Each structure stands twice: as structure tokens, then as C-alpha cells.
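Next come two complexes built around chain A: one with chain B, the other with chain C.
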Partner chain A sequence: MQKKEFSSHISNQLNRNLEELFNHILEMGGMVENQLDMALGALESGDVIAAKEVVRFDKIINQAEMEIDRLCIRVLARQQPAASDLRLILATIRIAIDLERMGDEVCKLAKLVIRFHKNEPCLCANYAGYAELVDITTRSREMLKVTLNAFARVSAEDAISILDQEEVVDHVYKKACKDVTEQFKKNSENVECLLEVMTALRASERLSDHALNIMESIIYLVQGKDVRNMDQERLTKFLEKM
Partner chain B sequence: MSELKKFSMESASDKLRLEDEKIAIEVKDWNLYYGTKQALHGITMQLPENRVTAFIGPSGCGKSTLLRCFNRMNDLIDTVSVEGSILLHGEEMYSKRMDVSALRRRVGMVFQKPNPFPKTIFENVCYGLRLQGIKDKQVLDETVEWALRGANLWEEVKDRLDDNALGLSGGQQQRLCIARAIAIKPEVLLLDEPTSALDPISTLAIEELIFDLKKTFTILIVTHNMQQAARVSDYTAFMYMGDLVEYTDTDSLFTNPKLKQTEDYISGRYG
Partner chain C sequence: MANQRSQQFSNAISRELTWIAFSFFGFLVLAWLSGAWLEVLLSYLFFYIGRQLLNVYWFERWIRGVPNAVAPTSGFWKELCTLLSHKQRALEKRVDLQNDKSEQFHAAAMALPIAAISLTKHHKIEWFNDAAQALLSIKASDTGRKLETLVRQPEFIQYLKQEAFEKPLILDSFMGQPRAYRCEMFDYYHGHRLLLLEDVHELYHLAQIRKDFVANASHELRTPLTVVNGYLEMMIDMPSQVPAFWVKPLDQMHHQSLRMQAIIEDLLALSRIESDTLMNKVKDVKVDEILKNIEIDIRYLYDDDYEIDFEVEKDLSIKGVEEPLKSVFTNLISNAFRYTLKGGRVTVRWYSDISGAHFEVEDSGIGIASEHLTRLTERFYRVDTARSRENGGTGLGLAIVKHVLERHDSELRIQSQIGKGSVFGCDFTRDNFM
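Presenting the complex of A and B:
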């Protein structure tokens, strides 16, 4: 399947609307990428102003999701899309939801920076799990970039390339959780800060889950197959056939 | 627990399968020629019982021609010749021993434009019964009421059965034609663009009627309106230039067709 197929309808109005949908998703994805970049910078440098900007940015991302919903409703009501066009609408709605939730998770990372700054400005990077937090966030950002490019090219093959990264993220996340738990046992004074790190770790791991959801939506768009909830064995078999 | 079952993976992926259906009509390697021009090319398909099967495709693709084969309407055109086999419940429709009038009683048809006879509503519905020689007033009364109720028209006309049918609205006239077709209790009902001359509300009424009628009859419908095919049918056949291109359950055809040609047609792309 090629992207140009979505602009080869007899109805130019439908062509324009679907093109607009593609652009909206890529634009919204770009916003989340920016937000993630800012959050990463804030995590690494403890920059509170950047962290506050991340939180402010979230409102714009929420607006973008609503705009995509509005456009989808309009296309459904007025143009009754079928087949891959219909799958594009459904995939777009799902991707927009995932992007919006990614925005929420990124906000949690930014709020961690803000809270740490109030408590102990310089020590946050020394906490157990913090380096992994930055690592997972960086990998999730890369996964998002790959899936957005895959969506732009309407390529399921490109999208599934994030599966390896997801495995690494899972591994790093488990290790980080273990480290933080160990730290809990050793040092009860910093419980509050460690809890903050744990929350942020969870948020960063969720980022990669949402990227994975976007991959599933792209597979649905291209192949017409819903691969959500497929166990590893069935998914592997399906991906091999692709 | 029931909720869990409702949303289990098995039920979610539950879809119609031809192999699980009882078959009403079986078409085998069916070819039709208008003179030397071949209009249908080796059509092979099975049409399931008590289901609605829609035929879609661009003008001239052969869908109406194929539909007319199912009650031998094409016999009325001198230049038509056919090859192959069509079985109605296992019986060869085109066998020399087949009584064509009897076949048309088993396979009723409703056309694009409502065509009531210039007679009373009552006489329109019992026309086929009278042709069969049924004179018993009680049988006629009961059948007319049953057919009009079946066509969802009874409440609107029960007090004026002796009025001329031509005084009904377009939508009512088409439902009357459906009542006339079902009054003789056919096995199969052929609908050739039954709503193309009707307004949207009458169209929805007919579509609702089709949904009810499939419990009793096997329904084959030709329609130019793809959304209508998507709304009313269980199976859809996409035809192009006399070929059966893709034939599968309607859900699959409209969400994930296997062939690009089908995809292009149903999504309105340049083929």
C-alpha cells in the first residue's frame, strides 16, 4: 500500500480530507516529539523553565486530538469511507488517542523535574533509576520517531522495526524498578523522591507502550488485521507472513 | 461472565462463512452471450439460504444480467444464449424439463421502478394467487394480509384495500410490489435496484423490510448504492466487465477487500 492511494479518489474532497488527516497526525506527532525533546532536556539538566513549557504544551496537544476527531467525524458523516479509507479513519483516531496520552506521560516526567527542583535541585540525577529513566525516555522518543515515519510512508514493515527497542525498554525498566526497590530497602529517608522516580519510570515505560500501540494501528491500516492482544507466537507468525 | 463471553476473542472474530451456510443457488461456470458478445464469464458461486447477497459493480458489469438468470428472465431476449449450470436447491434451472412458470413462482422478482397493476391494492397482491387458480376468499384474504404485513404495508392500507394501487406513494407502491412477490411464497426473492427510485426514508423502510424478509426468503439484491449493499447484505459479490471479481462476507469486503480492484471500486478510486 502506498500513501498516494489515499489521494487517488474520484472525489477530490475526500482526497483533501484524508491528506489533511495525515498531516494532522504528523503535526500532532511532531508536537509530542518536541515535547519529549524538551522533557528529555529538562530531565538531563534539571531545567525547570523547560519543564513548565512541557506542561503548557500539553494543552495544545489535547486540542490537536480534538481537531482530528472533528475531521474524522466529518469524513465519516459526509463521505462514508470504505476499505482502507475506513481503516485510515479508525487508525487515525487511535493514533491521536495514543499521542494525546503520550503527551500526558511526558507531562509526568516534566512534573518530576519541577518537584525535584523544589526539593533538592542538584541531586536528582543521583537517584537509583534516574539514568534508566533518561535511557527509556530516549528510546521511546526514537520509537515514536520511527512509527511516525512509518505512518507517513504507510509502511507496516518500517513500523515493526520498533519491536526490538520495546524489548530493550522492558528489560531496562525491570532493572530500574529492581534498583529503586533495593534503594527503598537501604535508604528510607528518600522514600518520597524514590516514589517520584518510580512514577516517572512508569510514565516513560508507558511512552514505549503507546508507540507500540501506534505500530499496531499502522499494521491495521496497511494489512487490515487487528494485531492487538495477539500473543507473541501468533504475532511473530503474522509478522513473518507480512 | 456473560460479558466476558460476549467480548471474548472467539466471538469478536466470529464472521459469516460460506462453508457454514446452507446453499440455495449454486452457479457453476456460467457464461451468457448477447449474440456474439459475451456478457458473463464463467461465473461460479454459491448463494446461501436465508441470507441477503448483494451484487455490486459499475454499470454494464453484468450484475442485473446475472440476477435475471436466476428466474430465467433472459429467456425473453431472443439473442441471449447461455452455458453452464445454475442449481436451485440442487435442481437444474436450465434443464429442458424445468417448467419456467413454476420456476418464476419459486423465484420472485421486484424491479427498479414500482410497477403495480392498475387494479386495487387487494387485486395486486392476490394476482399471482389467482393465476395459480386459487379462488377461496378466505385463503386470498389471509394471504393478502400476510403478504402486506410481511411487506410492512398492512397498517397503512388495511382500510383501503379496494383503492387503486396507483394512488399509493412511490415507497408504498414498491412495498406493494414486494407484497405481490412474496404472496406466492417464493423461495428466492430477486431485487433489482429496488430503492433507486425512492426517497431516503422509503429506502430505509425497504432496507428494514429486507432484513426482516431474509428470515423467510433467500434474497439477492442488485444495487448501485454501495452503502446500501453494506447496510443490508450478509454477502457481497463485486462484478466487473462480466467477471465475478470478489465474493465474500460483506464485513470483509467493505473493510478489508482482498483485491485492489475491489478496493478501488468501493472506495471510489480511479481503477
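Presenting the complex of A and C:
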């Protein structure tokens, strides 16, 4: 599918609605990116005010998702799009859901900062798994940026790089889990903090999963092929053929 | 060359006539020899028409650019072709020149260190320079896409949407980098828009550091100074405990520490004014009442030594922030007394006319030389250092006035003549009225 198609419909209204939908998704993506940036800053500096701002921002993102749903329903009900337009609507709904989930996960990261600050103004950076947490979050942020750019350009060229990143994130996540488990065994004092780190690690790992999901939706949009259930080998082959 | 040609009648017609004359003469000779006049004349007519048609054919091929086609070389056709090729060459030259120029402009835009992006009315990307490419990570294939889809920062999208670009947008972080960027949009050339993005991190940071430093330093200095001042006052209040030798130094110390306190208060006031939160408390300010209160204080202090006039229009209010405006009026009025010798006259005016409301303080004081006027509002700038210290000025009064007035869309206006006196005034536009 090419982006030019927005101006290729006989119905002007459909053109306009699809374009609006397209812009809305990217605007919402921008919000999540911004939220993730703020959360990253808060994680690195322990800034509680920024962390609270991140949690507050989540409401706006939820509203954006509802707005996108409303737009999708309107197009479906009034214009009954087919082929690539229908795929666009479907991909849009899926991407909006993924973005909203990402917003929730980012909130979990921010809540970690807030809770650490409440318990004791300790240097959370010293905990096991914290460096990995920041690393995974940074990578997820980059993945989100690449996927949203891919959506804006309606191209699935960068899908392979996203897959590679996802593998790296999985690797880092496993290592972090191992570290944290070892810490659990060693000292029983910091169990609460370690548990928090674990939750945040899980959240940041989910971030990258959602980014991958968005990429899959984009592949569906561009190629018309559902790649969600493909195993690794077939998927790589398919992407290389593209 | 064209001029020369037009002077000698028409080259084309004279050529054609020459050609006709020669060929016709040839046919005449033929007719005279053969004696078949009519047939020869008719065949000449056919010959002439045939030649024209052939030339038309050749001309068309030549002008179309068919390979190996030759331009017609006889009669007026030759002249026509020469003129045409001249014109063609001149045009090509101009196009080359224009191309060169536009290439040059293009190269200049590319070389700009500031990121520049040209957009259509609907914010679709038209072209961008290298700096923009590096900053926004956009590709050449992105031309025609909406900029918002690739630069998704919410504040930025908001700025593009609002369609009012008088004020530049300052972004604290941009594209995931924690650096300050200044973003400005212009309309140019038939509805196109130019977006400029400049890294102002250093500048922005420096200004911030300066403001923070002044605010923090003055705040930190205030407490120790209060302690010193308190003990000094205590010592002065107990003259019996203090040796006579120390009375005068103590007095001096007290005087100086009070002055220091005043400076610190003014510095703090300045940094408060500079911070953006000030204008949040805009409300109706009853200037006439403020001036009435000031008048009471002033008359109490100076009524014996000066001729004081307050010409205040009743019920004239403006929109603004009360405290800073009060300090503007107090500063200007107390300055007038500070720089007017005893027995002088000070007039304060507050009035309105068609253009707005005006505040003025006129004195018959020592006046200011014109070379100082432009620098008067700088911090710690003094015309006569020794004198103003004696008078107890902090050197920050007019700086505060300037900043407060800037926030109220007004500015300080000064007229002064040495020995005669000065007029300090400011004007508030109608927009500031309630």
C-alpha cells in the first residue's frame, strides 16, 4: 500500500477520514514517545515530579485511543472501506491498543521511581537489574521510534532491525532476571525493592513486545499478510523476500 | 545586433525579392529562347509554390529537431532560421543563468547550519537542508509527507496546529535529545512555509544559570546579613555599653549593611520579575489609589523641602500586576526626589487620552546628560557613582522599572536636560485598560 492512495478515492470524504485517522495514530504515538522520554529521564535521575507527570499523562493517551476508535467506527459505518483501506482501519485499531498498553507500562516504570522515592531516597541505581532496566527501556524507545516512522512512511523495511532488537532485549531481560533472582537468594532485606525492580523490568520488556506487535500490524498493512503466528525462520525468510 | 537589422528595412523581404528576381530572370530567358511564354510562366508559378512547400517541410523537420535535418537555406527562410536560432541561444543562456542562480540558492540553503525545512500550507515537506536531515532523521523520500507524522512531539504538533507563529517555540528536549531547541515558522513565497530549528541549548542554559545564580546567591546572602544587621542595631540601641570611639563606625556599618540589604531585596525582586510566573496574577490595578498612598508617604517625608504636585485622574485603572507596578511608581518618584536639590519642584501626573494611560514624573533636578540616557536602565549603571551611593540608591531601581514595564507591554521614556530637570514617564496602551 502506498500513502498516495489517500488521494485516490472517488469519495473525498473517505480520503479525508483516512488521512485524519493516520495523523491521529501518529499523534498518539508521539504522546507515548514523549511519555517514554519523560519516564526515561525520571528513571535516570530519580526525578519524582517528572514521574508523577508521566502517570498523569496516561489519561490523555487513553483519551486519544478512544478518539481513534471513534474515528474507525465512523469510517467503517459510513464508507465501508475495502482492501488496503480496510487493512488500514484494522491496523489502526490494533496499533492504538498497543500504544495504549505501552502507555500503561510506561506508567509502571514511573511508579517505580515514585515508590523508591517514598520508601527511602536511596540510589535505586545501585540495585541489581537497574542498569538493564534503563538499557531495555532505551532500546524499546528506539524501537517505538523506528516502528512509528515505518508507519508514517508506510514501509516495512525496518522490520528486520526491530526483530533483531527484540532478540537483544529478550537476552538482556533474561540476564537481568537471573541477577535479580540471585539477589533475592542473597539478602532478604531488600525484597520489596527487588520486587519493584522485577515488575518494572517486566514492564519494560513488554514495551518492546508491543513495539514488535505494532511492526506486525504495519507488515499486515503494507503486505496484506498476517505474520503474527509465523515462526522465526519463516518470518525472516518472508521479510527478506519483501 | 537586432537593432542593426531593424534599421535596414526587412532583411527577409529583400532576400526573398532578390531570389525571385534572379529565378524569374532565368525563366524569362528560357521563355524567350523557347517562345512558349504562357507554359514557362505557369511552370514558374508551380516551381515557386513547390519550393515554398519544400521549405516549409524542411523548416518543420529542423524546428522539431529531427536528426540530420538541415535548416532551409534560400530566400527569407534562411533569415527566419537565423533569427530563430539567435533567439533560441539567448533563451538558453538565460535559462542556464537562472539555473545556476537557483542551484546557488539551493546550495546556500543546504549549507546553513540551522535546520531549515520548507513546507506547504498543509505542512507537507517540500525540501529540507542537510542540518534538518541530520536533526530530524528524515529521508529524501519523505518529501510530500506531513511533517507531523515524522516529528511527533506533542508540543511541536500543538505549535504547528495553532497557526499563530509570531512567537518562536522553545523546546526543552527534541527528538529524544535533552537539548533546548528554538523552533520558528515563517510564511514565505505564496503560501509556503519555512520552518527553522536551531540548537540554543548553550544560550538557554547560560541564561538559566545566570538567573538561578543571582536568585540563589541573593537568597543565601539575606540570612547572614539580617543577623549582622540585628546585632548592629542592638549595639546602637545600647550606647552606654559601647565605647565612644566605636559609635561612629557602628553607625557607618549599620548604614552600609542596610544598603546591602536593599540591594539584595532589589536583586530578588528582579529575578522574581524575570521568572515567567509573574504575569499569572494579572488583575485590575487601581493606580489612582496606589498613587494616593504614595503621596501620603512622600508628603510626610519631603513636604517641607520640596514643592510637590500630584495630578491624578480619578478611577483610572489598568490591567497588570499590582506589586511590581507599585515598585515602578515608587522607584520613579523617589528617584525624582533623590536627584532634585532642596527647594525644587516634583510633579507626578497620571492621566489618560485617546492613545492610552500615561504616568509621568517631572522634576526640576540636576538632569542627565544625553550620553547616559540609553544605558540608564542597565544594572548598576551610575551616572555619578559617588553621588548615587550617598543618596542610598541600589543601582537596580531603573532595571526593575524596565523589566516590569516590558511585562506590561510598555517602556520607559526619558527626557532630560542638564541643570533643568527630567521627565520620566511610561505609556499604557488601550489594550491594558479594563
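Criterion: the second predicted complex is superposed on the first by the 239 of 242 C-alpha atoms of A that agree within 3 Å, B and C clash if a C-alpha of one lies under 4 Å from a C-alpha of the other, contacts with A are read in each partner's own complex, and residues count from 1 in each chain.
Going forward, a residue touches a chain if its C-beta (ideal position, glycine included) is under 8 Å from a C-beta of that chain, and two chains touch if they have at least 3 such contacts.
These numbers come from a predicted model, not from an experiment.
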{"item": "Fit or clash between chain C and chain B when superposed on chain A", "value": "fit"}
{"item": "Arrangement angle, chain B at one end, chain C at the other, chain A at the vertex (C-alpha, nearest 10°)", "value": "110"}
{"item": "Touching partner for A:Gln63 - first (chain B), second (chain C), both, neither", "value": "neither"}
{"item": "Which superposed partner A:Gln13 touches (first chain B, second chain C, both, neither)", "value": "neither"}
{"item": "First (chain B), second (chain C), both or neither touched by A:Thr236", "value": "neither"}
{"item": "Touching partner for A:Asp85 - first (chain B), second (chain C), both, neither", "value": "first"}
{"item": "Partner chain(s) touched by A:Asn187 [first = chain B, second = chain C, both, neither]", "value": "neither"}
{"item": "A:Phe22 touches, of chain B and chain C: first, second, both or neither?", "value": "second"}
{"item": "Smallest separation of CA atoms, chain C relative to chain B, angstrom", "value": "19"}
{"item": "Interface residues of chain A shared between complexes with chain B and chain C", "value": "none"}
{"item": "For the chain A and chain C complex, residues of the former touching the latter", "value": "3, 22-23, 26-27, 29-31, 33-34, 37, 41, 141, 145, 148-149, 152-153"}
{"item": "Of all residues in chain C, those that touch chain A in their complex", "value": "137, 139, 141-142, 145-146, 148-150, 152-154, 157, 173, 176, 178"}
{"item": "Touching residues on chain B, where the partner in the complex is chain A", "value": "9, 226-227, 230, 254-257, 262-263, 266-270"}
{"item": "Footprint of chain B on chain A - complex, ascending", "value": "5, 8-11, 14, 80-87, 224-225, 229"}
